[in-house]
Structure formats: C-alpha cells, structure tokens
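Each structure below is given as structure tokens.
Look at the two complexes coming up: chain A is in both, with chain B in one and chain C in the other.
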Partner chain A sequence: MSAVLKVSGLVARLHNGARIVDDLSFEIRQGETFALLGESGCGKSMTALSLLRLLPDSVQVDGGKVQLADADLLSLPERDMRKVRGGRMAMIFQEPGLSLNPVMTVGAQITEALALHRGLRGAAAEARCIELLQQVGIPDAPRRLHEYPFQMSGGMKQRVMIAMALAGQPRLLIADEPTTALDVTIQAQVLQLLRDTQQQNGMALLLITHDLGVVAEMAHQVAVMYAGHIVEQATREQLFAAPAHPYTQKLFAALPGAQRRGQPLAAIPGSVPPLQDIPRGCRFASRCDRAWALCHEQAPAWTTLDGGQGVRCHLYATADAAPARTSDAEVAVQGPQAVAPAQAAAEALLQVDNLQVYFPIRKGILQRVAGQVKAVDGVSLSIKPGRTLALVGESGCGKTTTGKALLQLLQPAAGSVRFAGNELTGLDAQALRKQRAGMQMVFQDPYASLNPKMRVAEILQEGMAALGAASSNNDRQQYLDALLGQVGLAAESKWRYPHEFSGGQRQRIAIARALAVNPRLLICDEPTSALDVSVQAQILNLLKSLQQELGLSYLFITHNLTVVEYLAHDVCVMYLGRIVERGAVAEVLHAPRHPYTQALLAAVPQIDGRGAQMVSVGGDMPSPARPPQGCHFHPRCPHAMPVCRERYPQASASGATHIVHCYLYGNAAEGTAGES
Partner chain B sequence: MIAYLIRRMLYAIPVLIGVNLLTFALFFVVNTPDDMARVQLGIKRVTPEAIEQWKQRHGYDKPLLYNARAAGMDRFTDTIFFDKSASMFVFDFGYSDDGRSISREIVTRMGPSLSIALPTFLIGLVSYVTFALLMTLFRATALDIVGVTLCVVLMSISGLFYIIGGQFLVSKLWHWVPISGYGGGFDNFRFVLLPIVIGVASGIGASSRWYRTIFLEEIGKDYVRTARAKGVSELGVLFRHVLKNAMIPILTGVVVVIPLLFMGSLLTESFFGIPGLGSYTIDAINAQDFSVVRAMVFLGSVLYIAGLILTDISYTLVDPRVRLS
Partner chain C sequence: MSFLPVMLWTDALVFLLIATAIASAWWVRRQPHLLLPWRRVAQSRVGMVSLLVLSLFVLVGVLDSLHYRVALPEKSNGQTVYAPEVLSAFDYLADGLRTHTEKTYSAPLAVYLYAKESMEMADGKVVRDYPRLKYGGAQLADPQRDWLGDVTGRALTGAAAGLLAVLLLAGAVVKVVPAAKKSKPMFAVLVTALLIAAVLGAVADLATAYHVLGTDKVGQDVLYLSLKSIRTGLVIGTVTTLVMLPFALLLGVAAGYFRGWVDDVIQYVYTVLSSIPSVLLIAAAVLMVQVVIGMHADWFDTAAKRADVRLLALCLILGVTSWTGLCRLLRGETLKLREMEYIQAAQAFGVSSFRILMRHIVPNVMHIVLISVVMDFSALVLAEAVLSYVGVGVDPTTNSFGNMINSARLEMAREPMVWWSLASAFGFMLLLVLAANLFADVLRDAFDSRLNRTENS
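The block that comes next holds the complex of A and B.
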C-alpha cells in the first residue's frame, strides 16, 4: 500500500517562538487509520490544522514537509490549496453543534462542498446530497436536507459533518476528536460509521483523540504525542501489548476501571511543561519516575525497536546506562490500602423518594402552562454514610437536574428528600441554609465554576461565612491552610486567582470549597469530564482518599462507566428522567439486566486492543417533553414487546439490592397475561 | 409567534399610560398653566384676567389630575390630564397653542423628516457594513489598524462639529450647496445632500467599529473553520457564512430605530432649517407648548415600541433558530 500522506520534520510555532508542533514525522497509508493520541495542549489539533494550512493567525508552520500523494502541500499556492481542502483532504471537528453554520440548511452546506469540488449544481447536487446523507445513515434524507443544524441531535450533526467531508471524495479524512462531545451510545454509532465508510472507499483516516478506548477500537497505527513531540509510534497491537515510553505506560495506568478498584490510580504528577519554556532534555523528564541525569540534559533521539515500534526515550537508546527499573507495583502501593465499604446496615444519610422535577411549557397569549417537561420523574435513591452512589446516564437524562433538586437549588414538584433524618422539601430559606452545610456540590467545569475575580481564600471563605462556620481570623487562616493541604495544594495558593491554576488544580480548589463547611455528602456533577485522563486520575484518587479520611458520602453524577466501576459502591442508571436499573456496582456493571444498561456498557470502547465492537443500540434519546408511551426505552430497545409500548414497567428485583424496570424480568408474565 | 406579538402589544398599553403620566408630571412640575399663559401672552399683556381667560380658552382651568369638586367619574375625567392625554390613545392629538391641528402638522412634517432620515439610515447602514467588512478582510494588517484608528478619531468628535464644520466648508467656503433651507420637487436635492452626508459621516466611527467587532467574533467561530476546511475562499467565507450570521445582531440592533426615522433628528433639522418633526419638537419646547411636546413624546414612545416589535419580527426572519422553534 502506498502512503497517502507523508509528513516529515513538521514544525509549527507560536509568534513568541514556542514550538507547539515540533519535528513531527509520520506516514499514513491508503485505507489505514492513523491515531494521534495525546492530552489537551499536546499539539495534536495544531498538527491537523497545519496539514490543511488552516492554523490560527497566531501560529505558523516553520519548516518540514507535507506530501499528500504527489503534492507538496506546504509550497502549494493558496488557490490550489483550496482545492485540496475538502477535496483530497477533508476534516471533521469535535463540536458538531458549533462546526456547522447555524443559519444555513444542512443541504446548502453540503451542496457548497459539492459545487466547489465536484462542480455539481442544482438538481444533480441535491440528488448527490441525498445520497450522501443516506450513506451516513440519516433517515428521511430528502426532508432533512432542508433542516437547519439546530433541528438535529448531536449525533446527526456529526453525521452531517461526515457527509460534508465525504462530498469531495477525499483520500484522507482528518477527524479531530470526532466523538468527544457525544454520548457513548452515539459515539459507538459514529465510530462504526467511520469504519464502514473507510471500508467502502478505502480512504485514509487521521484520527485525533485523547481516548485510549477510541484508539483501541479504530486505529491501525498509533502515535502518542506529548508537548509537541511524538514520543512513541507503533501499531495498535504493539502499543496495547507493550507500551514503551514511560508516558504511554502512565496513560494506561491512569485509566480507572474495575480491576483497579481499591487501589489508587497511577496519576502523573505535575503538568505538561509550558511550551515557551521547553526544557533542554526530555520533555517528560520532570514528571517521569524513571528519569535520570541524562534525561534532564539531553533530548532523547528517536529509537526504533524490534518490530518497528518507535520511541523517543533514553531508556531504549542507551539501555545499559539506565538505572534499574522501579517496578510499577511499588509505585502503585504508595497510596492507602483499599477500604472495606462502610457497613451496609447503617441508616441512609440521604433518602430520596419519588422525586419529581417538572419544567412547565408555556404557550399562548396568556402564557398558560400547556405541558410539562418531566426532567426528573419519580426518582428514588438512598446513600449510606461513607458510600458512593453513582448516577449514570447520557446527556439530557435528568441526572444533573436530580443533583440540583436534592440540594433544593431547584424546587421539586413532588417527592421527599430526607437528609440525615430531616425532610428538606418545603423548608424555608433559613432552615435550609442550616441543612446545606451538610451537603455540598462539586461542578463539572472548574474553568467556569470558580469566580475569576476572587482569590482562592475568598472563594473558600465565602461558603464558610454564608453558613456561619467562621470563627476568629487566625483560626480561619489555619483552617484554610489545612483545607488546601487536604486537597493537595500549597498553603500559599490561597492568595492566588483561579486563572493561575491548571484544570486539575482548579477542581481541587472546587473540592476544597465544598469541604470548607464540613459536609457529610458531596454531590459531584461530572467532576472529571472536563479533565485529561492523567489529571482525572489525580482527582479520583483525591476523592477516594478524602472518603477514607473523612467518611464522606458521594453522589457521583457521571456518564463515564469506567469511573463508576473504579469509584462507586452502588449505581443507578437513569434514562429520560427515570431510574431504569439500580444495584451494587458488581451487579449492575457485571450482570446488567436492563437492555439500556447493556447497551451503555457495550458502547464503551474497551482498552484491550482487540479492535472494533458492534454497535448495540441505534437511534437517539427522545425529547423529555414528549417521552414515548410505555417504557421510555422501547423505541431503541432490541427486545421491545407489545406491552412495552403500553405501560411503564414496575420494578422487579433480581437480587437483594438489584432492581430493574423491565418487562423482560419478573413482571413480564403479568404484562402478557393482561394482554391475552 | 402571533400570540407572542399580541402579548407584546398588550404590554405596550401600560407602558404608554406610564409615559403619558410621566411626561405630564414632568412638564407641569417645571411649568404651571399660569407660566404657560404668561409665555403665550407675552410680558406686556399679562394681567390676572388675561391669564384666566387664556387658561379657559385652552382648557387649562381645570385641576391637573383629580377634580374634588366634581361628582362620580367626573372627578377623574374632568381634569387637564384626562382632557389632554386620554384622547391620544386614539391618536387624537388636539391643537397646538397657536391653534393648529397637531395631527395635520405631523403628517405634513413627516415628509421632510423622512427625506433626510431615511437616506441617512440606508446609506449609513450599507457604508458602515462595507467599511467593517473591509477592515475584517484585511484584519491584523496595517489597513485594519488605520481603519480602526480612523474610527476612533471620528467617533471622538462631537456631532455638532460635523454640522458646523460641514456648513462652513461645503456651503460657506466652497458654495457647493445652500447652507440651509428646504424646497419642493427635484430641486430639493441640493438642500438634503449635505445633512445626509454629515449624518452618515458622524455615525461611521462608532458603527463600523462595532460591526467590525461582530464580524471578527463570527470569523473566529468553529463553523468558519469548517467552511475553510471545505475549501471555501476567504471572500466566500466572509460573504456566504460570516455576513449572514453577523447580520443577525446588526439587523436586530438597527431595526429598532426604523420607526423613529419618522421623528427626524432634532439637531440636524434645526441647524439646516428642515421643516420636519425634529425642528417642530425643538420649537415647541422653546415655546412651552405642552400639547405639542406631549404629542411628540407619545408618538416617540409608540414608534419605539413598534421598533421593538419589529425587532422581534426581524429576528424570526433572519434567524431560523427563532423562526422554527
């Protein structure tokens, strides 16, 4: 197979001289998927944009060669380069919602590409456009052609993006985090589509991602990027069997999962070095536990191992000089040992019964309430002291609304929330304030949830003052220092502003803010989904050790099942405002009963390097304003029966703690009996 | 959408009543009916009898808001406020103090006002957007920097300076057009040219700079990157993608002033001697003619509310997200 794209010695610089893409060389062959793996800020998106010559104004290519088939892209005049973009080389982006023009119909946007590269106009263009939409699996294409992007779901929009990219029949498709903004079941559908398309037309695919799972499912070749360099390159099988670079090894070790329960994750200490101040030696040396003097002085050269695996590390170049390897096991046991989960017999700290949160839909001249969006529709759950309950579901299922309603930040329409024996619903503001000290919230995006104009000390004290926990100034300062120590930050950081911290450090501040009033329950709303894997591991370790030290309970709201597997004791799976399955982690995740839970689990990419899985569930989540009749999941369910379309299934127990709402179990008989 | 518009129009009623009450209160706080009579009669003829007579003839001899001597509903209806203001809700503006019908005056003066304001608005909008597009196309080059500097200089100068400076240069020194006045027919072109040019020039700094900011914000968005990745040229990006999106905030900001164009401009009309509604208002304020001032304020608020409703409608026309959801 011939190389479609050949990149050699590519360098991209910021205007201040920082080399954000540094000496990159790789080749992509026809029909091959090449994955560029790295954390945020490592230069992987900039690499893609330099290939298309679409870098932002502040960055420019400064050396190297990019060869697409026989064309030297970096020396092409702009006119010819425009023919390459979208023609021989197309790109899809991370946020399909933002990447489509909001005021143009999807048909017009695809037709634009067809006109530019295939010279199609009018009826011919429309016919081809419909073909493309059908090819990417959009049902009812002739009608959807005239829709605007906002009328489509995220997965549909990404399909449109793909259709648009395919319009020019490219030989290389660059996909920049194509599924990061999508739910896991939709991610599986989009990845499947990319694979199918590649098989049909034999194009090469440059897949840019931070997700080892996606790499495991998609890639033939993998390059791992760190701070502008490729530090390792191998075939998928090689990489997943034996990662060579210490950074790659750490990335694998930082992944949460069932097999790591009870032990701390191998977080990579520190953060990526600032690019305007790149160290002389190996860029990873300061965070590497196997670095020695040479690593800090001299940048390692590219070394090719047996079997073609390449690595940029002194360990392999001068193997005899390297100090003995400290074993991974040794590193792993530094943290506290696994805790036995708190006694199950203890009384529940938080008891929620039949919680309902409705948002009214108003219509007409007088704004009468015409209907309800049942965002949370009869959720019951309970958390015992010292335990973690995970609330799992895809976006829009009502899990965040549930969290807010528990704290009474939203007024529930019905139901009861009992915290430590006290009913919270219907309390007046003053009584509620007293109770709120007991439960605190950690939000998803630490970049948005901390006030940028307040120092860390002010952020921490605000909650304390509001809940009357502060005493004398001296005590308070000492308390703050202790608090920051507890979340792993230096005491001096209290005089700094949030923007001076990295994402992981900000989330530590957010946790410290929540801990400042001595809560017994933390509601963590996707606390790690905005963070890189290595940083996510730091935060998960911190949450776990805080639980052991302080006996905290967590309500962990997340869409990430591997995090649940690692951290939680119990799980509730939510779909369209209702809990469809609940139970202990082992029960729900290892013996899932509800078809939705099964679909969710099947859609999670596996890190075993075995390659692609089949998609288990199609379609999108319906709007909560118009939930389907009967069981909410039945339109997407492979096992749907007539009874599923009529009535919502009652709970049926399949173990002491394992409960599922599905006609396949228990009350299925009752359902069919009623029908006959 | 229809329901929404009806609701908006219903909201307008309390707003207009409030505007009316407020104008009424403000006017009579600084200015009693006696003061009005004195100004109207002139110093020489002022006697207590003459004042009473004037007030009686013009309907200012009643209490302002509440008539304690009347009975029943008349307590509220037999007052100056009710007499003079209530009829405005059916657009009956009554007569000015010199006895002319205000409604007729408004209709005849709207033409001259529009003949200045409408071309100023249209030519202005096109030239501001063009100038802003040019700066966007040449962003981060010397041309852009010169353009922005020019904008800041232009917007820092008072509008009065443009009028006086323009009249001095163009009319007095160069004798290209008359300094002021207004005529009929095609000949009128000579009179309206300078006010229009000056109107456009005085707005170019602030507007172009604002529009440039909107364009730059749009051009940094992800969908623009997608368009470039499709192979669209920079001009195509600007005209097919950016312009349409940027026109949403620009149009909706601009539509609100369209109805107010009927009112003309206070400054321009007075300086150029245009017999429009702007100069009418200024003259009425100078003459303390309450009926005219009140009518113009009421008309202004009605037009402003109409502008806001038009804004809502224009949103639905240009933005499919509003139209279809």
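The block that comes next holds the complex of A and C.
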C-alpha cells in the first residue's frame, strides 16, 4: 500500500525559538490508523495543525516536508491549501459542542463542505447529506438534517462532525482526541463508527490521543510523543508487547487497574517540561530513572531496532546498553504493600438514606415551577472508616450532585445524611460549621479549584480560619509545612501562587487544603480526570498512602473504572439519579449483574487490546427531567422485558453485599410501584 | 500668613483618589501576580506614550487643585482679610496668562484686536481701525516688520530649551536607573517626550509675549482657559468613578453571588434606572441642585465654592446614573465565578458569604473594574462637554470644555468667524480622550486573561 501522508523532519517553533514540534517523521499508509500518543503539552495537536497549516500566530513551521499523496503541503499557495483542507485532508476536533456553529442547521453545515469540495448544490447536496448522516449512524436523517446542534447530544454532534469531515471524501482524516469529551459508552460507539468508515472508504486515519486504551483498540501504527519529539514508533503489537523507551514503559506501568491493586503505581516523577525551556539532552532525562550523564548532555539519535520498531534513547544506541532492557515488573514498584485492612465490623462513618436532590424547572412569565429534575433520586450508601467507596457513572447521572448534597452545598429535597452519628440535613449554617471539618471535598479541575489571586499559604489557612482552628502564627506555619510535606511539596512552595504549579502539584495543594482541617472523609470528585496518566498515578499513590497513614475514608466519584479497580473497596454504579448496582469491587467489576454495569465495563477500551468484544449499548442517556417510565435503563437495555417498562425494579441481593436493581434477578420481580 | 489654603470639596476627593492610587501602587508592587499585567503595560510603546501624555494632563489638574486665597494688604480690626477670589497653584505659575486680559477677541498670536475701534491718533484725528493689543506683541515697535522674526525666534529658542531640558533629564534618568536604557518602549517615550517638550517650550516662550491661542469675548487668554478646563474634565472623569464604583461593585457582585431575590431587586433597580433617559434625569437633578444653591447663597463664602458644589453635584448625579453598565458586567462575571470550584471549596469550609465575596470574588473581578473605569473616564469627559453645551452641566463660571464649546456656538455664527475657542477646546479634549482611550486599550490587552499569551503560558 502506498503512503498517503509522508512527513519528514517537520519542525514547528515558537517565535522565541523553542521547538515545540521537533524533527517529526512518519508515514501513514492507505487504510491505516496511525496513533500519535502523548500527554498534554507534548505537541500532538500542534503537529496536526501544522499538517493543515492552521497554526496559531505565535507558532510557525520551520523546516521539514509534508507530502500528501503527490502534493507538498508546506509549499502550496494558500488558495490550493484551502482545497486540501476538508477536501483531501479533514479534521475532527475534541469538543463536539464547540466545533459546530450553533446558529446553523447541521444540514447547512454539511452542505457547505459539500458545495466547496464536491460542487454539489440543491437537491443533490441534500441527498448526499442524508446519505452521510445515515452513514455515521444518525437515525431519522432527513429530519435531523434541519435540526440545530443544540438539539443533539454530544455523541450525535461528534457523529455530525465526522459526517462533515467525510463530506469532502478525504484520503486522510485527522482525529484530535475525538472521544475525550465523551462518556465511555458513547466513546465506544464513536470509535466503532470510525473503524467502520475506515473500512468502507479505505482512508487513512491520524488519531491523536492520550489514552492507551483507545490506541490499543484503534491503531495499526503508534508513535509516542514526548515534549515535541517522537520517542518511539512501532506497530501496535510490538508496542504493547514490548515497549522500548523508558517513557513508554512507565506509561504502561502508571496505568491503574486490578492487577496493581495493593501496590503503589509506578508514577513518573515530575511533569512534562514546559515548551519554553526544553532541556538540551534527552528531553525525558530529568524524569527517567535510567538516565546517565550522557542523557543530560546529548540528545539521543533515532535508533531502529529489529522488527522496525524505532526508538529515541541512548539505551539502544550503544550496543552494551541494549541488553539492559527491563520488563514491566522491574520498572514498576518497590514492593507490594498491604491493603488497608477491611474494618467490616466498624460503625459506618457516613450513612446516607434515600437522599433526593431536585432542581425545579421554571416556566412562564411568573417562573412557576413546572417540574423537577430529579438529579439524585433516592440514593442510599454507607462508608465505613478507612474504606473507599467509588461512585461510578457517566456524566449527568447525578454523581457530582450527590457529592455536593452530602457536603450540604446543595439542599437535599429529602433523605438523611448521618455523618459520625450526627444528622446533617436541616442544620443551620452555624451548627453545620461544627461538622464541616469532618468531611471535605477534592475537586475535579485543579486549575479551577484554587483561587489564582491567593498564595498557597492563604489557600491552606482558609479552612483553618473559617473553622476556628486558632493557634499561634508560629504553630500554624509549622503545621502548614508539615501539611505540604505530607502531600509531597516543598515547604517553600507556600509563598507561591497557584499559577506557578503544574496540574499535578495543584491537585496536591487542593488535597492539602482539604486535609488542613483534619477531615475523616474526603469526597473526591474525579480528582484525576483532568490529569495526565503519569501524574494521575502520583495522585492515586498519594491518596492511597494518606488513607493508610491517616485512616481516611474516601467517597471516590469517577467515571474511570480502572481507577475504581485500583483504589476502591466498594462500588456503587449510578444511572440517572439512582444506584443500579452496589457491592464490593470484586463482585461488581468482575461479576457485573446489571446490564448497564456490563455495558459500562465492556465499553472501557482494554490495553491488552485483543479480544475486547464490543457489547456496546446504543443511544444516549435520557434527560433526568423526563426519566423513562419503569426501569430508567430499559430504552437502552438489550434484555428489556415488558415489566421493565412499567415499574422500577426493587433491589435484589446476591451475596451478602452485592445488590442490583434489575428484573433479571430473583426477587426483584415483585417490584414496587414507580416511586417517581 | 500671606495666603489662606482653601480646600474645595472636589479638591478633597481628588487628593483622596491620588492617595488611593499611591497606596494601591505600593501594594501592587509587592504582589507578583498583580504586578505582571502592569509589567506588560510598561512594555507597551502605546501604553507608555499615552501614559506620558495623560500624566502631563494630570499634573496640570493637580496643580490646579491646590487652592488658596491671597491676603489683602489692608487689615480690618487686626484680622487679616483675604481676597474673595480663590486661586490655585496653577494660577500662580501661569499668572501672566491669567492677568493679561485684552478688551475682546483677538486671533492666535495676533498683535491687533479682532474688532475695529475708534481711536484718537496723536494728531487728534479719530480713526476707526484695529487697535494694538495691550499685551499681545506689545514689545514690537513695528509689528509689520518684526512680527514673523520675533515669533519664529521665540518658538525656536523655546523648542531648543525644551529639547535640552528633556535630554538632560533623560541622561540623568539613565544614570540613576541604568535598566531604563534597555526597556523596550524607552525610545518611543523619549521621542514623544522630545516632541512634547519642543512644543511646550515653544508655547511657553511665545506665551510670555503673545496670546498663543488667542483671546475670547472678554479678552481672556484661550490657552489659559483650556488649561483650566483640564481640571474640570479630570474631576468629572475620576470623581464620578469614585461615586459609581461602590454601587457597581457591591451590587453587581452581590446580585451575581446571591442570586434569588437579591438578584431580582438589583436587576430591577438598574433596569429601571437605565431605562430613564439619562439626560432628562441629569437635567432634573442639576436644576434641583441649582435651586437649592440659589436659595442658600449664605452657605458659600466664595463664588468658587458655589461653583465647586455644583461640579460635585454633577459628578454625583453622573455617578448615580452610570453605574448600571459596570454593575451588569460584574454580575455576569460573578455568575461565572460562583460556579468555580474554589468558591465551592470555601463554602465547604463554611466560610461566610461576605468573606467569600471579599476574598474570592472581588479580587477576581478587579481587572474588569480597572478596564471599565479607564474606559468610562473618556466617556465622562465627553459627557461633561455635551451636558454643559445643553446647559445642564457645570456652573457657567467654571472653566470647562463644555462651556467653551457652548460659548463658541455664538462665535461661529459671528462674522468674521471666531474659530480658535472651539478649535482649542476640541484639540485639548481630543488629546486627553485619545490618550485615555489608547491607555485603556493597552490595559485591556494586559489584563484580559482570555487573550492568548505565550510569555506566561
């Protein structure tokens, strides 16, 4: 097969001279998926934009060659380049909500591309439009054609984007993190769609992603990028069987999962070097535990190993270093540690019964309440001291709302929250303040959770001051130093501002802020989803060691099942405001009973790649304002029975701790009338 | 003591503003994250040049705010008596300009009056001709022959003196702060400073012997009037902001943070307020103030105080009507901020709402406040001109651009036309507002966090 795209020696740099894409060379053949894998800030997106010549003003291409079929893209005049964009080469972006024009119908937007690149107008264009929409699996395409983006869900919008990209019949499709903003079940649908289209059209696909799981499912060839360089390039099989570069090895080792339970993850210390000051030698040297003097002085050259696997590392350049290749296990850890002992007998620290949070829907001039969004609809859970409960679900299922309602940041409509024996609902602000120290929250986005105008010391002291933990200034400073040490930051960092820290360090500060008031329970709301894999491992390790040291309990809110497998003791799976299945981690994740849990697990891309059969569910999550009658999941459920449409299933237990709400199992058939 | 310091109401507010500005500058110096955007301003050529021009205006305004009354030579019952006229430090410096009044109109740099008069010649004949000015070019023996040479000579020597002064100053600055040499906008600032110094030097030298911008109907020097008007413009532009800021900041932030009925009430207030035609509201209020002042003439011992109270009243009224825009802006920003996770973290600690507003919300909207205050400044200076033109602005005895324009209405209709009054009001106002607008632009670029920057990302 011939190469569709051939890039050699591509360099892009900032005006100050920093080379943010440095000497990139690769080839993509027809019908092939080429994955560019890397953490944030490593130059993946800049590579894609320089291929399309759409770089921002501050960046310019500075040498190299980009050959698309027979055209040299970097020397084409802008007029011809416009025909290439969307014509022979198309791109889909990360955020489907932002890449469609909200004031144009989807039909009009696709027709625009058709008119430009295929010269189709009028009825012919509309017919082709419908064809494209059907091809990307949008049901009822003729009607959808005249809808606006806001009438569609995220997954639908991404499908429309793909249809738009396909309109010009591109030979190369660039997909920049196409599923990062989507839920796992939707991600599985979109990835499947990309694979199917590729098979039909035989186009080449350049897939840019940070997710090893997606790479394992999609790619034929993989290039691993780090700080502007490709550090390793191989076929998927080679890469997943034997990653060569220390960075790649560490990436694999940093992935959480069941098999690493009970041992710390192999976190990569530090973070990606900022683009402005890229080190002189090997760019990974400062974080590499196998670096020696040479690595800091001289940038390694590209070395091709047998089997075509390429790597940029001194370990392979010199003959004597080559046999020093290590397996995963050696890279991994210092040795397993015991899991926190299960304190099954202890009193529950947090006991939640039938918690309900409703948001009113207001309509009309007088803003009369016309209905309720049942964001959380009868959730019950309990956490024992020193244990971790994971609350799992897709976006919009009410898991974050639950977390906030537990902290009384939102007023629950009904239900009780008992923390350490004290009822929290209905307390006034004064009485509640006394209880606040016991329960704290760690938020999702470390960039939004620290006030940019306050220094770290002020951020940490805020809680202490508010909760009246008055002590002498000297004691307090010592306490702050100890606190920072506990989360692995230097004591001097307390005089700095949040913008001087990387994402992982900020999350450490956020954790220290929560710890400052000696809480017994931390509610962690997706604390690692905004972080890179290598940094995620640092934070997970930190949370785990804090639990062992301080006997903390966690309520871990997440959509990432591999993190749950690694960290949690118990799991609750939430769907549309209700818990559909609960139990110990081993029970729920290894023997899932509810069809939704099964679908969720099946949709997670596995890094062992092979044999992940797709039991994906169709459709999107319904709006919590109008949940379906009966079991909320029945419209998407492959096993739906008539009874599912009528009443919400009762809990049915299988085993001491494993509970599932589904008619497929035992005594649920008795049911109760829909409580909604 | 030969003079009595007089503190007018607006003077007090001007000094309060200056004190606040100095205090905040001192505070900002020690906060690196606050200093960063100012560094960006300091790196901008346009920013520094417009700041230079603005600071000259401010200098004139501040000098003009130091008021005093001169002691009269005679005493009554052993008590010193002071002149009823309130003067300022600026008047003292520009004493020549103030006291050299002609009979009526004269053109810029003219030697003769602009109106014919019957004059008795030495031989007793009465001739109707343009008389010589009392001060303008009085030193010339034969104006026809000497005028051009004298004017160019003075302009050139003045310009040369100005250039020399700036060059010496720049040399001294570089010697004291060697880093200034490397700063990026230094060259642009130097060129502007030289240009301004040349013009100022020429004008200053010419002004000792001529009326550079002519005289008005009652023979007052137009240059002097224009310079005096600067203070009025600055006071209107800044004191109004001082009045408006507490309303806009507190109400906007409170509406955005508390939502619910607080938001409803504040929104209704500012929606209603901004629906009333503001000129109507201002006219009504100014007339009311005028009536009050008229009825209580005994409250004020000098005319200056009376005029000053009216100026202050205008500032208050403009402030009350102009806070709605900023308030709306701040409400929107707060609505966004209150969903930020650090606010929720503070709520989870049980931090009180007031503290959250003061510690978390207000510092994070300050950049908007700063940008909109500087942008409002120029709008207010222009508003003063419009209001005075309509007749509901400052007191007719106060020097202001609006009053100059108002009187120019008749002068433009006169034959031959008197254009210099309007032209100088126009020129000075353009320069002031343009400098303020350019500076606001630079500030917005420096403070707006949404703009992409490579230097600190």
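Please note the rule applied: the second predicted complex is superposed on the first by the 643 of 676 C-alpha atoms of A that agree within 3 Å, B and C clash if a C-alpha of one lies under 4 Å from a C-alpha of the other, contacts with A are read in each partner's own complex, and residues count from 1 in each chain.
In the analysis below, a residue touches a chain if its C-beta (ideal position, glycine included) is under 8 Å from a C-beta of that chain, and two chains touch if they have at least 3 such contacts.
This is a predicted model, so every value here is computed, not measured.
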item	value
Chain B versus chain C as contact partner of A:82, first or second or both or neither	first
Which of chain B and chain C A:116 touches, first, second, both or neither	first
Which of chain B and chain C A:482 touches, first, second, both or neither	neither
Contacts of A:98 with chain B and chain C, given as first, second, both or neither	first
Touched partner set for A:653, first chain B, second chain C, both or neither	neither
Which superposed partner A:370 touches (first chain B, second chain C, both, neither)	neither
Which superposed partner A:242 touches (first chain B, second chain C, both, neither)	neither
Chain B versus chain C as contact partner of A:301, first or second or both or neither	neither
Which of chain B and chain C A:448 touches, first, second, both or neither	second
Common ground on chain A, meaning residues reached by chain C in one complex and by chain B in the other	none
Complex contacts: residues of chain B adjacent to chain A	3, 6-7, 10, 140, 221-223, 225-233, 240-241, 244-245, 248, 318-321, 324-325
Residues of chain A that touch chain B when the two form their complex	52, 54, 57, 82-87, 90-91, 93, 95, 98-105, 112-113, 116-117, 148, 150-151, 161, 164, 168, 363-367
Footprint of chain A on chain C - complex, ascending	32-33, 340-342, 344-352, 355, 359-360, 363-364, 452, 454, 456
Residue numbers on chain A that touch chain C, as the complex places them	14-16, 56, 58, 276, 404, 407, 409, 429, 432-433, 436, 439-441, 443-445, 448-454, 459, 462-463, 466-467, 497, 499, 510, 513-514, 517
